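Structures follow.
Each of the next two complexes has subunit A plus one more chain, namely subunit B in the first and subunit C in the second.
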Partner chain A sequence: MSFKIVVLAKQVPDTRNVGKDAMKADGTVNRAALAAIYNPEDLNALEQALRLKSKIEGATVQILTMGPARAAEIIRESMYRGADGGYLLSGREFAGSDTLATSYALACAIRKMGKVDLIVCGRQAIDGDTAQVGPQVAEKLGLPQITYAEEILDLSDNKITVKRRLERGVEVVKGSLPMVITVNGSAPECRPRHAKLTMKYKRAATATEKQEAGNDYTDFYDAHPYLNITEWGVSDIEHDIQWLGLTGSPTKVKQIENVVFTAKESKRLTGSDFEIESLMKELIANHTIG
Partner chain B sequence: MNNIFVYLEIEDGIVGDVSLELLTKGRSLAKQLNCKLEAVAAGYQLDGIAAQVFPYGVDVLHLADDKRMAPYTSLPHTSLLVNLFKEEKPQIALMGATSIGRDLGPRVSSALFSGLTADCTSLEIGTYEDKKAGKVYENLLYQIRPAFGGNIVATIVNPDCRPQMATVREGVMKKEIKDAKFVGKTHKLEVSKYVSDTDFVVEVIERHMEKSKLNIKGSPIIVSGGYGVGSADNFKLLHELAATLGGEVGASRAAVDAGFAEHERQIGQTGTTVRPKLYIACGISGQIQHIAGMQESAMIIAINSDPKAPINQIADYVITGTVEDILPKMIKYYKKNSK
Partner chain C sequence: MNFFNDNPAIKFQLSHPLMKKIVTLKERNFADKDNYDYASRDFEDAIDNYEKVLEIIGGIAGDIIAPNAESVDHDGPLVENSRVIYARGTQENHEALTQAGVYGITLPRQYGGLNFPMVAYVMSGEMVSRADAGFANIWGLQDCAETISEFASEEIKAEFLPRVTQGETCSMDLTEPDAGSDLQAVQLKATFNEADGMWYLNGVKRFITNGDAQIKLVLARSEEGTSDGRGLSYFVADNKHDNTVLVRRIENKLGIKGSPTCELVFNNTPAKLVGTRRMGLIKYVMSLMNGARLGIGAQSVGLSAAAYNEALNYARDRRQFGKAIIEFPAVFELVSVIKAKLDASRSLLYETTRFVDVYKIYEAIEGERKLDPEEKAEYKEYLKLADALTPMLKMFSSEYANQNAYDSIQVHGGSGFMKDYACERHFRDARIMTIYEGTSQLQVVAAIRHVTTGNYLKMIRDYDAQPINPEFTSLRKRLQIMTNLYENAVSRVNEIKNQEYLDFQARRLVEMAGHIIMSYLLIIDASRDTEDQFRKSAEVYLNYGEVEVRRHAAFIKKFEVANVDIYKVQ
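Right after this comes the complex of A and B.
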């Protein structure tokens, strides 16, 4: 029996470790100064997928990511951890997509994959924090959704039981497959790279990467078909161009501002005993504390 | 038609603060746009809702009272809003950036192909010029939010699609009763006309909702720590100072990500927004993401080893030093000088 799991993953700039050179003088983001990483909650999602794969006979885990050529890196990262392979959706037609256009493109790619039993993804990506793509992909595919999953408790008779972590509580819910599940950061961390799998998949590549590498690769990849990472462009998916990229994005950015605070006149203190004591006395005297 | 809609979050028959805050904001936007404010309540046994929301100036309350609508599940509430919005054609729809709002909003926006902006920190009305198309749009909703990890602030608009949708976190907007005696109209919805039986595909088996043990939002004094605090161990000093002063401990996102503090202590755009009497920022550099959640504090003390930390710009007192050095002194001299 086959059981097909698709993990939606995104390569993101590491906004958590922003250095001083992250912004250019003109107020735009200096992407080159930010490391590109595997979106953290997508790794939590991958772990859930890999756990299911080990429990269900014949289950496969495929990664789907939309992004530039270098985003193939996170597909390889997934393969080093136990995923079977992946799809890179790439092309300038997808540029400028907001969450809705992104979801539409991902949904088109998932449809192309044939029967999919379960789609998992991280709750949100750290470069936007919107948490919209998971539910929107579900809506585009006409599938139900379970958001903020912390643990998949059971999967049997085509029903999945999931523990959800909410802001103020916990819920256990049960629903029928196929289904979209978004995974919370509080779910177990992803397993590390597996040494043998890393060796095995080190040369996994997309068509673009193979071409860039130049030398004669055809025979090698024909002999090792599992090293082929599928690369799809806009012509590979059934789509309506008006729902893609900028035209498919109802939200427009009116303006981007570098943040300027209205600077207050601050009192500067060195932290000497005398200064701290005076400060505490002042705060007590004006009833800020005490 | 063309009104402002707010989706109400209801737990045990009580409308959540975040929804009342959105009604307050919605009321002022409605006045500016000269339209009505409407609210949608979906759940079971909703008789008490009207009295809770009318004082906020709700002109029309739509009630979807059905046993199957509680507790919340994604598809039935989505169908209700989607079909109601198709009839009523609101220009703006607001919901809380909560576990529910962030599950429901994207789904509704996808079904209606209307843009949604998450976690707005400010909502305003203004004009937008599309220079390429040579079109000017009047009276659009400016959805303003920090973006890119909080390094920039973006103003987002939805020129062509309706409703213009936005989510806002609890505590970001102020909650204010407009008129305690005001009574709007109630519009009872026949749920089966909006929601199909096949929408009930996800079943809630267990549910444990906790009242939050922390009350960061309501605390007059907050001692907050960032990544610069250095360790979970050093965070104990913050707890000690907070306990001494009678306050709560908050944290920046970086500190929460590093595991120094629990997620529910997070202050900022993706955490809680606070307005205490005194905010002591320890080892917090001051990304806009964080500042968005605390800049309205009455007094800010920044303790940082970096004299150029951005947070210093908005601080009333800037103490250059380490947490290990300064906090014990504050505790010592508070105890010495207070009665």
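Right after this comes the complex of A and C.
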């Protein structure tokens, strides 16, 4: 039985280690100053996909990412951990996409893939923190969705059972395939790269990357077809150009501010029972914990 | 944190000129490249593969093993129903390394291994130990698989080796209550059962690291009526946890608390003979011990690296009298000497490992075809070099790990004595390293013949002839003077022809040779390095070693044979 899982993954600037030069004067992200990493919650999603793959005979995991040529790294990174391959959606027509245009482009690409059983992605990306792309992809494809997933508990008879992490507890829900699941950061961390897969796939490349590497490798890639990463441009997907890129993006960023937290008041505790108890009461009262 | 990427001193060792020979031999001229999709295609590809896999291990070491180290040290393993339960962190560490597919790193690909040379394996050991020296034992016990791969029958290899690559752990069961350093006294009994063609083990083993492992290599007395090493054979037991091997207790130790040290009862445990009867101690255990000593070298260097990082970071952050304490001579000298001992022991570690690699690979090739005379001669040469450097490495690296951990606490002052800082754990973890797999005193016993036969001197002469950066010429001159002092001390001790006197001075002589060899290695490394990582350490270490050599030379020069009696304690 074939079971096709697609993981939507994004290469993002590492906003967890932001320095002074993280933003440019015009209020956009200075991508050159930040390392490009695998969006953390997309890694949680990949792990869920790989766990399903190991349980379902014949299941495959494909990565779909939209971005510049270097975003192919996300696909290789996934293959090192067990994904079968991936699609890079790339081209200047996609540049400047907000969540609406992104989800439109991704939905067009997924339609092109034929039968897909399950789409998994991270809850949100750390560069925008919108949590909109996953749900919008589901809507555009007319698929049901389960958000904030923490664990896929069961998959049988075309029904999937998922544990969701909510603000004040967990919820177990069931839905029909095909569907979209967005995975929460509290889900198990992604497995490390696998040594043999890393050695096997380290030369996996898109057409653009192969061109840059020169013609010497043509025979090599012909002999090792599993090293070819599919690269789609705008002409490879059925689309309406007005919904793509900047023109398809109604979101306008007016201004971005750097927020620096400063300690307004500080309190020094000696660690006595009384102080611990009153601190706990205070933190519960102002909803920091509990 | 990635313990491979943040430490260019490790990667530097992959660029050593001898790597070309090691990789080409290990890969049998890249014969596997069309049979396995992950096999290396050429030399550059192989080095790139080592780096990629070491980066995976370095990431696991930095992101998982190191953060778990404190809780593992605190919680430790438990024994329940005669079984060992690892601390939670130990389980996570082991699972991550298993998922990454890196166990069996040196094993041939046909058994699921990565077929990496020892150099890459030792690098992994260094990084894992820097993260948690106790866990380095569980990682390092895959040495047992190496022994199986070298000496066991095809049937045993096919049965056990793939399981190691899937994350089953190993133990080497040698010591007993009355057989520690003196393994000839091993009593555990092996009896052959004609009916099913299996051996059965009965008896007690003690101080067995990771004793509840699935795959056990056991030294046992197969020849009834014998009492020495020639009555011992080597066995592999498949521990199915069916009560034929019981964990009676685990030791409560000073350090490496995450590594379970077990007392075991063998109760009719079925086992298979490895190699030839009666060769257990003489051949296989000696080989295993040499591998294990290299492993302790890696563990010691990893611990020194951790101690150095802690000391350096603290000395930079801590301010007293209006400035960072690293600006005070008394502190920066401490830190730079830690660094020099770390770099010196690391240079010796990888030099030794390269020699081990070449001879071991030739040994494996010999199992496939006859070596030609030139190869045979090379094999013997590298075996001799490895034999000479292994005990020296084990002694120096473990002693330096202890000294470095001690000095790291000193840099921390009072805070270093508290549980709040990792340096106190390093100090406790280091302590066993000069003891297990042969004490420092026993390493001297193994090393001294390379003093008396002139092997070390010949190596020193060869190092002296190697091209170096002209800026180190004055250092080399000082090393030549130190070599003279060493030669004089050796002839003085040799002339007297008194075994007890030789034994008494042995450690001093081995140390003199060691200081000189490590100084040369640092100069050679510093000459080859383009990033200027080792120049300071070469100078600092030579300053340190020179004083030590002169001290020993003076002691030996004025010491009368009869004076040994003063030291005899009744």
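Note that the second predicted complex is superposed on the first by the 245 of 290 C-alpha atoms of A that agree within 3 Å, B and C clash if a C-alpha of one lies under 4 Å from a C-alpha of the other, contacts with A are read in each partner's own complex, and residues count from 1 in each chain.
One rule holds in what follows: contacts are C-beta pairs under 8 Å (C-beta built on N, C-alpha and C of every residue); 3 or more make two chains touch, one makes a residue touch a chain.
The structure displayed is predicted, hence computed values, not measured ones.
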item	value
First, second, both or neither for A:L246, with subunit B first and subunit C second	neither
Touching partner for A:M199 - first (subunit B), second (subunit C), both, neither	second
First (subunit B), second (subunit C), both or neither touched by A:A213	neither
Touching partner for A:R191 - first (subunit B), second (subunit C), both, neither	second
Per-residue contact with subunit A, leading partner among subunit C and subunit B	B
Doubly contacted subunit A residues - partners subunit C and subunit B	none
Contacting residues of subunit A [partner subunit B, same complex]	13, 15-16, 18, 22-23, 27, 29, 98-100, 103, 126-136, 138-140, 144-148, 161, 166-176, 186, 249-259, 261-264, 266-271, 273, 275-277, 279-281, 283-284, 288-290
Touching residues (chain side subunit A, partner subunit C) in the complex	191-200, 202, 224, 226
Of subunit C, residues touching subunit A in the complex	37-40, 48-49, 52-53, 56, 59-60, 96, 99-102, 105, 114
Subunit B residues touching subunit A - in the complex, by the definition given at the top	71, 73-75, 78, 98-99, 102-103, 105-107, 109-111, 113-119, 128, 130, 142-143, 146-161, 201-212, 221, 245-246, 253-254, 257, 263, 269-270, 277-278, 287-288, 291, 295, 298-303, 310, 312-321, 325-326, 329-330, 333-334, 336-339
